[in-house]
Amino acid sequence: MSVNEALDTARDKLLERAAPGRVQFEDLVIVPLFAVVAALMIGALVMLATGVDLATIGRSYVALVVGSVGSVAALSETLVAAVPLVLAALGLAIGFRTGLFNIGAEGQILMGGLAAVIFGFTFANLPFVLLMPLSLLAGAVTGAFYAGIAGWLRAATGAHEVISTIMLNLISYRLLDYMLSLDWVQREGRADPVSRSVPDAAELPKLLEWLDPNLRVHAGVFLMLLAVALVYWLMFRTKLGFEFRASGASPDAARYAGIRASLIIVVAMATAGALAGLAGANQTLGVLGRATPGFSAGIGFDAIAVALMGRSHPVGVLFAGLLFGGLEAGGRQMQVDAGVSIDLIGIIQALIIVFIAAPLLVCAIFPWGFRSDPKGGAQ
Amino acid sequence: MSVAETSPTRAVDLAAKRRTRIVGAILILLGAFLVLVFGDAPGDATFRLSRPRDTWVLPDLIVPAQPFIYIAAALTAFLGARQFLRGGGRWTTLSLGLGLGLAVMAFLVWATAENAFSLTGMLQATMVRAVPIALGGLAAVMCERVAVVNIAVEGMLLAGAFTGALMGSVIGGWGGLLSAVVVGGFFGFILAALVVTYRMDQIIAGVVINLFVLGLTSYVSSQVFADMRHLNNAPVFRSIKIPILGDIPVIGPMLFNQNLFVYGALIMVAVSTYYLFHTRSGLRARAVGEHPRAADTLGIDVYWTRYVHVTIGGMIAGFGGAWFTLGSVGRFDENMTGGRGYIGLAAMIFGRWHPVGALMAALVFGFTDSLQQKLALLNTPIPSEFLAMAPYIATIIVVAGLVGRARAPAADGKPYVKE
Amino acid sequence: MDVELKGITKRFGPVIANEDVSLSIRAGEVLGLLGENGAGKSTLMNVLCGLYRPDEGEILIDGVASKFDGPRDAIEAGIGMVHQHFMLVPIFTVAENVVLGVEPVGRLDHLDLETASAKVRDIGESYGLAVDPDALIESLPVGVQQRVEIIKVLFRSADVLILDEPTAVLTPQEVEEFFGIVRSLRDAGKAIVFITHKLNEILDIADRISVLRAGRIVGEADPKTATKADLAELMVGRPVHFEVERTEFTPGDPMLEVKDLTVLRDEAVAVDNVSLTVRAGEVVGIAGVQGNGQSALIEAITGLMSVAQGSIHFLGQDITHASVRARHAMGLAHIPEDRQRMGLIPDFTVAENMVLDSYYDARYAKGPQVQWGVVNEWAATAAAQFDVRTSSIFADAGHLSGGNQQKLIVARELSRDTRAVIAAQPTRGLDVGSIEYIHARLMAARAEGDAVLIMSSELDEILALSDRIVVMFKGRIVAEFDATTHRPEKAEIGLAMAGVVA
Amino acid sequence: FTACQITDTGGIDDNSFNQTAWRGVLEAQTAMGIDARFLESQAETDYEANITSLLGGECDIIFTIGFLLGDATQEAAAANPDQLFSIVDFAYDPPLDNVLGQVYATDEAAFMAGYLAAGMTETGIVGTFGGINIPPVTIFMDGFAYGIDYYNAQHGTDVTLLGWSPDTREGLFTNNFESLDDGRAFAQNLYDEGADIILPVAGPVGLGSAALANELGVEELMIIGVDADLYETDPERGHVYLTSIVKRMDATVFQVIERVMAGSFEGGVIVGTLANGGVDLASFHDFEGTVPEDLVAELTALRAGIIDGTVAVGPN
């Protein structure tokens, strides 16, 4: 065998990928399933502790399932709740992978959503094919800009993004209140802060209205799927994505590799903001048709949980978002059917994340089964 | 043979000089801004310093608006010019602080021109509004000094508020307070367990605790409190006026006629400063935050230290949370902390990981908060929304401009794996 | 105090770091401990100082079996260790660092720093280890930090001192001074364990030598009779070449020219008015004690730090303010000092690390996309060529051993068309085999006519590779030696490294 | 028969707004044995989703509580012409066939409260603050302000109101209906400026103001409640409420249920006034002896005047 042939065989061996093993399967399938079940069980204990009887607990979990996947209407509601969560969480995931802990999705959602509405009613004469996409774009650009402020502050002055995004959230609430009281934004004849409504041509079309006018699921679902694919491509297939990930994993190595850290920080924040802005636009153009104070409804914060649960991977985020959306839609049914407060859902969500993010804890509780040497922490 | 000499190069001076120059320019511009924007204030601004029933009644402070603003502007510009010509060193920060202080005063006088408000009341409210933020910040300081990032301050405050209301209703104020502290400590302990023993990502653990506490307290509040009102009706700790000191005009009401929580916060800040920087245990705690491995090799138990301090941090946050119910309104309401834990985190960074710094930062938040409420009554032409934004914008500016380079404990946020 | 290790075995999962090791340490004696990288020296000592618990075996102190549950127990038993990596809190003062863990306190747990400072001064005086107790550690040069570490151990009245590679960061002069201290400690009746890779040092200071290989004691040597070659063979298990093979020196045109360069780090001068030229086919070695501006000089040349004054020319072009990427494109290769932090991303795969600084290149990228297929093919080829031992190019780079990580970086940097190679600490922490390989690669670059600039704290490495040697002290070049005409003595360079110029 | 209710963000247990409306349903439950369900809105985005989850034929009538649900209710009503709705604090113009609005002339009662406050203040300063600057809130503040003006005009006094100006329509707003702590801080602010009677128009936020009054003592500060008779719904601090401006949502909700059951439901609007008992000033309870008899008499006359139209509730 010549030296060249030896090199070639060595090379081919190096190119082999390890087949996904038991560990990956446990990691991606068993652990999340287990987490959901365990969280539901503890949720039941909480209900028991607060004097809810067993029959009601049973009824509430049935309602939870029925309300999230039990009918077309339930699926529609699940999707409606999931879309903004996934969009915003995708942005946050990009941030996390770039080493930026962006808490500012809430503010970016507000600013993006508001911009989309303003664009929508200002250019009400444009046809649908222009108006709807452009309104979405306006939302994305505004979200990007708003997040870019925090990115720029971090890059230029070192101001920590956790602080600046928290502050920008608080500022955005007030800014929204102010904007909604301006004559050209506020709805005619109203004294309270509510914007003009966007024309139908700016709205994300409802997909199943022909089936039942109450089915709210709208074209944002496609937006969401598109965004998942796009973010996957961006993060793992492009130069920019490589730069994001390198900066996040090791800022020093990124600098060594000639990646301009400041620029990457601003771009990553802006990309995250664009996605959050889209989430906001999706709420105003797809669900509400207008902007009101607090239309973000904490989605920006829930999205943090979704991104963490999805391990900052686009596909993970999609599933985590669908799960959270389902819990939310089902939670409503739970309150209606069983009279159990929807706040229980928050507890369940938190527990799911704990079980997913702390495999060591799961091992400690259930020493049998699971792999013995997990690497701790998500992401 | 001689030892090679080194000479500091001009470049160093240049860097320092640029900073002074920038500060100088900012101050001069600020002076000009004050004259241009606030210069035409008519009449007098009246600040009430005493309430009619106070022991020593001070006359109202009456400030002729326009002259005052011009003088403040001139002083600011003078400070700026001084910076420009021969500033540097400690003067730079001092001048900036003085200049900003003057600008705030000028703004107040402008807003109050031909009007009146109670300065004492505003300062007292400043203190009150600062308390939960300061305690949240202090809790975060305790945790981050041992290198555990505590995003969960918000959740711990909320847990403290909830427990204070529930247990306060059942076993009385002191029992409620104690329970709130215990429950805060419990969540601190949980955080420590998650991040130290189970090596969960610190930020995820914090977010999860927030989510969990919010869910649990809201759930119980709507599931249980709605029907059983007596479980959500706690006594409120009243203000205790400290004899003599409490009668001092202006300062008295702010510092010496407050409730347990204000005194508690002040005492805790003092004690924790002493603890962290002047005691054996404090030294060890800081060592764990800076270089856990070094601490470990010297026989300091890193895990134990983290557990203890994060739990103490939780207890402080629990105490701060109890303020919302036992120190204010006697009743729990869903999500009643409303993000003040996060502002506490900001205060910690703003205050450079120092208890006193966190308190000062909290006071800045409290001040802008109470100021904004006063201004809403004064009918200033500035939209109230912008006034409400002021503290947040101020925070961003300060964090970006002054403490961007502040140094967190070196191991902050990093898990420590014992070999 | 005598200490006896008996049958110590320590495993990390499948790795057996120590296997049935027995060792005796005696009062008034310096025991030299030798062994290649990963032989298990540090692990053994960590067992002795209570950080690790042995899986098997026992520790006898003056004949009595003792069990350590943690470092505290070992400290109380009189065992103190100066670790390979300093265990000092940078923002604490010397006194605070020294007393940490055994602090003198007054009422209310009040830290008594005055007593602490006084004691630090006392120890300093009695052993000739003068340090200002109130100075901040981060403001002290490494040599002084080393002293603080020893004071720390003495403060705990240790009778057994373990010194893990204490001389790695010292100049030859400081080493001499340090040996004086060690001898006086020995004469004061302390038992000392001295770990080093430097064979002549161990011959100089040790009273007795034990050699570890792959976790086992493979032999003992008497420093009075043993030679370097004996020790090396005992360590590695085969004869070792100490010489680097060099081709004839034929310098070409100046390739890299640094003129009057000043670089600031944290608003302090790191590089002070330095001028330096490297010609094609020439190896210039930069010697200097860590913290004297060599790193800043290299980072300025490679574009990682900005230049305050002066200029840098490469291939005749002014690159003073050029981007990292532009320099890379011109053929500047950079093997960075800190491979874990800067040279690669431990969480990325081997393939991703192979293109860490060239993923954007037209070879691998098309439009906005990186063509991972192409990248993987190439990464596998390079890994095979440069003998990077990994199970697959899709494995995380962090899982590779130190030597293989360094080979990965060398493969990445040298497998393209380079004109100049900047290598900082290219063989730090590597074993003899890897060192031989990397030295050969650097010499190959020289033979191809590249300009090669090497920064190393190993004087032997500098002397073995360089055609010309410059010495940096406090940001300046304080001495220059032409090694082609006459090899300078190590002592000469050492004096210059300490800032003493003729 | 099932009656369903969707609350606004304050929650079902807010001691005032949502709770009063829910009491109407509960009373119907006791009286007529109907089924009752509720769904709390956590945020403004929940309105539509909540309505959607109650659709599907289980609810004979859906009550949406609050002005802010106006748009969502309208859309749902248009999409589901067979579903009956009733909304509190909103009237549609033109009216919808399947929606019955319930609105209240709260300014009439607030006018009386303003008159009372002006007569009771010792400092000559009274205060108010609101939740959000929306009509159902500001109508209280308007009536209150006009009542004070009316008192000043009648008695030649100079009682001033802090926190709301009916002309500029600017004032003190917490911008939420949730933060009790804000309620306390805003009351403290007004108290510092000399107010000794405060009208918080922000649902449960006012409970925070009551906590302050409780601490300061009623000699220093009294509170006027809104929506429900807070003396009864907040009995622990009942003694701080001088009176309450009650908005009998329970009564109107009950009425609506009766109409649906009797089959006489028609789209349109029910207006609660002083005349029909839809709004009123609650009893003084603990202050019964404290309010001077003259003032009580004047209030009785004022009430009659408002009902018969001789006193105009508005700027004079």
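Which chain is which? They are A, B, C and D, in the order written, and residues in each are numbered from 1.
The definition used in the following text is that contacts are C-beta pairs under 8 Å (C-beta built on N, C-alpha and C of every residue); 3 or more make two chains touch, one makes a residue touch a chain.
Keep in mind it's a predicted model, so treat the numbers as computed, not measured.
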Using the touch definition from the top, what's the fewest steps needed to get from chain B to chain D? 1
Could you work out which chain's C-alpha centre is the most distant one from the centre of chain A? C
Using mean CA coordinates as chain centres, what's the chain A-chain D distance in Å? 38
Distance between chain centroids, defined by C-alpha means - chain C, chain D (Å): 76
Whole-Å distance, C-alpha centre of chain B to that of chain C, is 44
Junction residues of chain A, two or more chains touched: 177, 181, 341
Could you check chain B for residues that touch two or more other chains and list them? 221-222, 334, 388
Chains touching one another, given as label pairs in label order: A-B, A-C, A-D, B-C, B-D
Contacting residues of chain C [partner chain A, same complex]: 303-304, 323-325, 328, 334, 336, 338, 341-348, 352, 356-357, 359-360, 365, 368-370, 372, 376-377, 379-381, 383-385, 390-394
Any idea which chain B residues touch chain A in the complex? 194, 197-201, 203-205, 207-209, 211-212, 214-216, 218-224, 334, 339, 342-343, 345-346, 349-350, 383, 385-386, 388-389, 392-393, 395-396, 399-401, 404-405, 415
Could you please specify the touching residues of chain A with respect to chain C in the complex? 7-8, 10-18, 237-240, 242, 245-246, 249-250, 252-253, 255-258, 260
Interface with chain B, chain A side, in the complex: residues 46, 50-52, 101, 103, 153, 156-160, 162-164, 166-171, 174-175, 177-178, 181, 304-305, 308, 340-341, 343-351, 353-354, 357-358, 360-361, 364, 376-379
Interface with chain B, chain C side, in the complex: residues 46, 49-52, 70-73, 75, 81, 83, 86-92, 96, 100-103, 105, 108-111, 152, 262, 264, 267-269, 272-273, 308-309, 473-476, 478, 499-502
